[in-house]
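Below, each structure is written out as structure tokens.
Common to both upcoming complexes is chain A, partnered first by chain B, then by chain C.
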Partner chain A sequence: MMAATLCGKLLPKQGWLPVTQSVRHGSKAVTRHRKPIHILKQKLLAVTKYVPPTPVVPKGAYPFERQEVKEESGFVLLLKRELKKLFQDYKMVAVAQNCNSNAEDMRILKHRLHRHGIAVKFFPNQVMCSFLSDSVYSNMAPLFIGPTVLFVSKEPKVKEMLTSLRSSPQMTLLGACIDNTLLSAQGVVSYSKLPSVSVVQGELVSGLTMMTAHTASMLLRHPAHLSALLQQYVKQQSSEEAPKAEEAT
Partner chain B sequence: MAASSKSAVVLKAVKKIAVQFCPFESNVRSTREFLLFVGSEKARSTNMNCEVITTVKHDKSEPVVDVTFVDGERLLMKGAKLTTREMLSAFQSRCTAKDPQAKAGVKK
Partner chain C sequence: MFSLMKAAVGGLTGVCRVNGHQQGPLHCHLKVLVAGLQTYEIPPDYSDVVLPAKPKLKFVNKVPNLKKPKREPKKLRDIQGPTRGADSFTQGQYGIVALGGGYLHWGHIEMMRLTINRKMDARTMFARWCISGPYKPITRKGLGQRMGGGKGAIDHYVTPVRYGRLIVEVGGKVELEEVKHILTEVAKKLPFPAQVVSRESLAALKKKHADMEQNNQNPWTFKQIVQGNMLGIRRVVSPFDVHHCGRFSGKFHFPGRV
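Moving on to the complex of A and B:
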């Protein structure tokens, strides 16, 4: 503006431009405060303000009919692969809910469980649920609500896990999947009370061989004793048959 | 969730809270969230003597929250059809009803 006014007077020679050029300054368009607008302009803006159309149905009343299929990000795919490996490698997968445990409690618990070879894992619930619904373990899905922790171990060391969990009051055991069998909290407790496999096998073998061992021990006794027993048995049989025959006739 | 409790839960008038639920049921969400709220650090710091006992069952029973107050009153909430907000508001209203009485009595 100033340059334009100067042009007529201070440009004696052609092609001469002033050294300093002052540009219009003094008022900004974008201010931090609300810039005063002329009352007429204010009224116009108020009248022509955009009013969005009100939806007939309030938001959230009806669920969306078409399910949006979102592509899973790379991180989610990675987590799913990890979960798959987890379920394949680790025999015991237990789920617990922690109300509130500070870092100190978690550290102590992790240390205690690590001594027995149990690892503590965290996974986002959404990923977990979507993975479980695709896999065989779909019945575990309702367990994963709220902050959950996974305890995984290759050997099902249930007793040690229960003792460590009892010492931390905030953790609540919800369920476990041991050897591809889903167990509830009480099931886990009863599983821990089971004797070991070798003991059970020993008991089974002894139960099966009890009869044969009894017979073998009896045969080892004196033959006179055995013959006396057999004679007694024959007498009993005949005495039983005689009253039966009398009843029949 | 954060909007449902503007003031933290004050457990001063509560003696014991027993929560029981069956995690394999689908109506358990509100009870579990209530348990989270009540078992949080903030809530427990208001009253260290208050016990929060959780029982995990597997008999398809309804989720139940049993609150025993200091003056012997018992509040039984069956969480099968309740939302977390309703449970929390009922619980908090009763807590604050009992608590300011004790506080006001002490002040006077």
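Moving on to the complex of A and C:
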């Protein structure tokens, strides 16, 4: 089939094609390869390259100060409410660390503590630390590292708790918050050795009323005994006065 | 013997069962303690997503049904430069965007259709073409023919695709991760560089270019030098480059150029 290029011209013979045909064409703009670029255009592209803004502080110089504030899920809020109630209701909150105790040991320990009215609670450390940092008990936060257990009770029954903990070798007492006072492990031990409040009060009262009680008991004795005592006292007084008078003169 | 069995059974069943005091869902004797707290993200809500009646990709004809197919000049400028339209999502959430120019012929389209139809779950997702079927005729001369003798016969048809055009859209009650592996498999086989995008990532791509233009610290820009014809640079810079600021060359796109 013939192209329309030579139709305008009269062909000398039928089916005659010229030997050479000069066709003008430029190079294509869209190629499969990257086209070679003129040196001046290369220079232009090099000069007009994108220069990103340099940060004032190089990356990694300072740690990221602003903490990402995550929205607390419903479960975390529930746990925090429980913790708040716990600190309000229970007077004694003791923290212990348990390393590889099995369910059997836990069950026995729980039973023993339940007999004295001490409950065993578990809370995740993250939630605990975030709760404590907001509340008054922020100094308890360093206790909550590793697998921790909370022993809580309404009455501070420290002696019974220590005896039960001594029986289970896995538990190590870290500290406690008894009556809004933070105590270390040794503090808890010394707290257990203290006499009870009633005993202390009794001692104080007896100490104050010792003199009056003594006089009351003395007055109850036979009057002859009392008169003999008085006479002895007068003799003593006179014997003291005589040497004093001799010294003065 | 009996007591032993009882103890064994009791031990086995009492791992997480609570008997006696302290019963309840929050009380378990053996508690797995963790330092942190695992919280799960709420999965997305797909109640407002409507799946079309025919979720799979439609069959596309190899040849457009024309009465008299005319031979067309090559016009490679339909590959050059960025798209004029069809560069944003309409129905779907995820898609493939072309990062260069090229021609898609029926083989590519069939590959895409078969792969996506085979791999997608018709109950939860749907797919939609963003390109039309091949309409541009490509001619070829017979084997061993010398130059000259007129234009060849129409061999096949192609669809021209420019940079930034969406090829295929996928949507439905799915997240990107479920769809990504299907679309990357398809995108790798296309004749031009292509990328899997979601609505957000496509917007981010466009924003990135805008940000680059904004915070470029170089005081000299291509646009400024060429529009002012500094150093007579228009001699070596084509009108196409003047319009597109040196970001395109032929069918290629340079993402680093601003």
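For this structure, a couple of remarks:
One rule holds for everything that comes next: the second predicted complex is superposed on the first by the 146 of 249 C-alpha atoms of A that agree within 3 Å, B and C clash if a C-alpha of one lies under 4 Å from a C-alpha of the other, contacts with A are read in each partner's own complex, and residues count from 1 in each chain.
The criterion applied here is as follows: contacts are C-beta pairs under 8 Å (C-beta built on N, C-alpha and C of every residue); 3 or more make two chains touch, one makes a residue touch a chain.
All figures in this text were calculated on a predicted structure; none of them were measured in a lab.
Contacts of A:T48 after superposition on the shared chain: chain C is touched, whereas chain B is not.
In the superposition on chain A, A:N100 makes contact with chain B only, not with chain C. Within the superposed three-chain model, A:G187 lies in touch with chain B and out of touch with chain C [touch as defined at top]. When both complexes are overlaid on chain A, the residue A:R34 reaches chain C alone and has no touch with chain B.
When both complexes are overlaid on chain A, the residue A:L143 reaches chain B alone and has no touch with chain C. Shared-chain residue A:K85: touches no atom of chain B or chain C. Contacts of chain A with chain B, set against its contacts with chain C after fitting on chain A, overlap at residues 102, 146-147. Chain C contributes residues 11, 14-16, 20-22, 29-31, 33-37, 39, 76-77, 79-80, 101, 148-151, 212, 215-218, 220-222, 225-226, 231, 233, 235-238, 240, 246, 249-252, 256-258 to its touches with chain A in the complex. Those residues of chain B lying in contact with chain A across their complex are 23-26, 28-29, 32-33, 35-36, 39-41, 44, 52, 54, 56-58.
Those residues of chain A that touch chain C in the complex are listed here as 1-3, 17, 21, 28-31, 34-35, 37-38, 40-41, 44-45, 47-54, 73, 75-76, 79, 102-104, 106-107, 110-111, 114, 119, 122, 124-127, 146-148.
Only residues 97, 99-100, 102, 139, 142-143, 145-147, 170, 172-175, 184-187 of chain A touch chain B when the two sit together in their complex.
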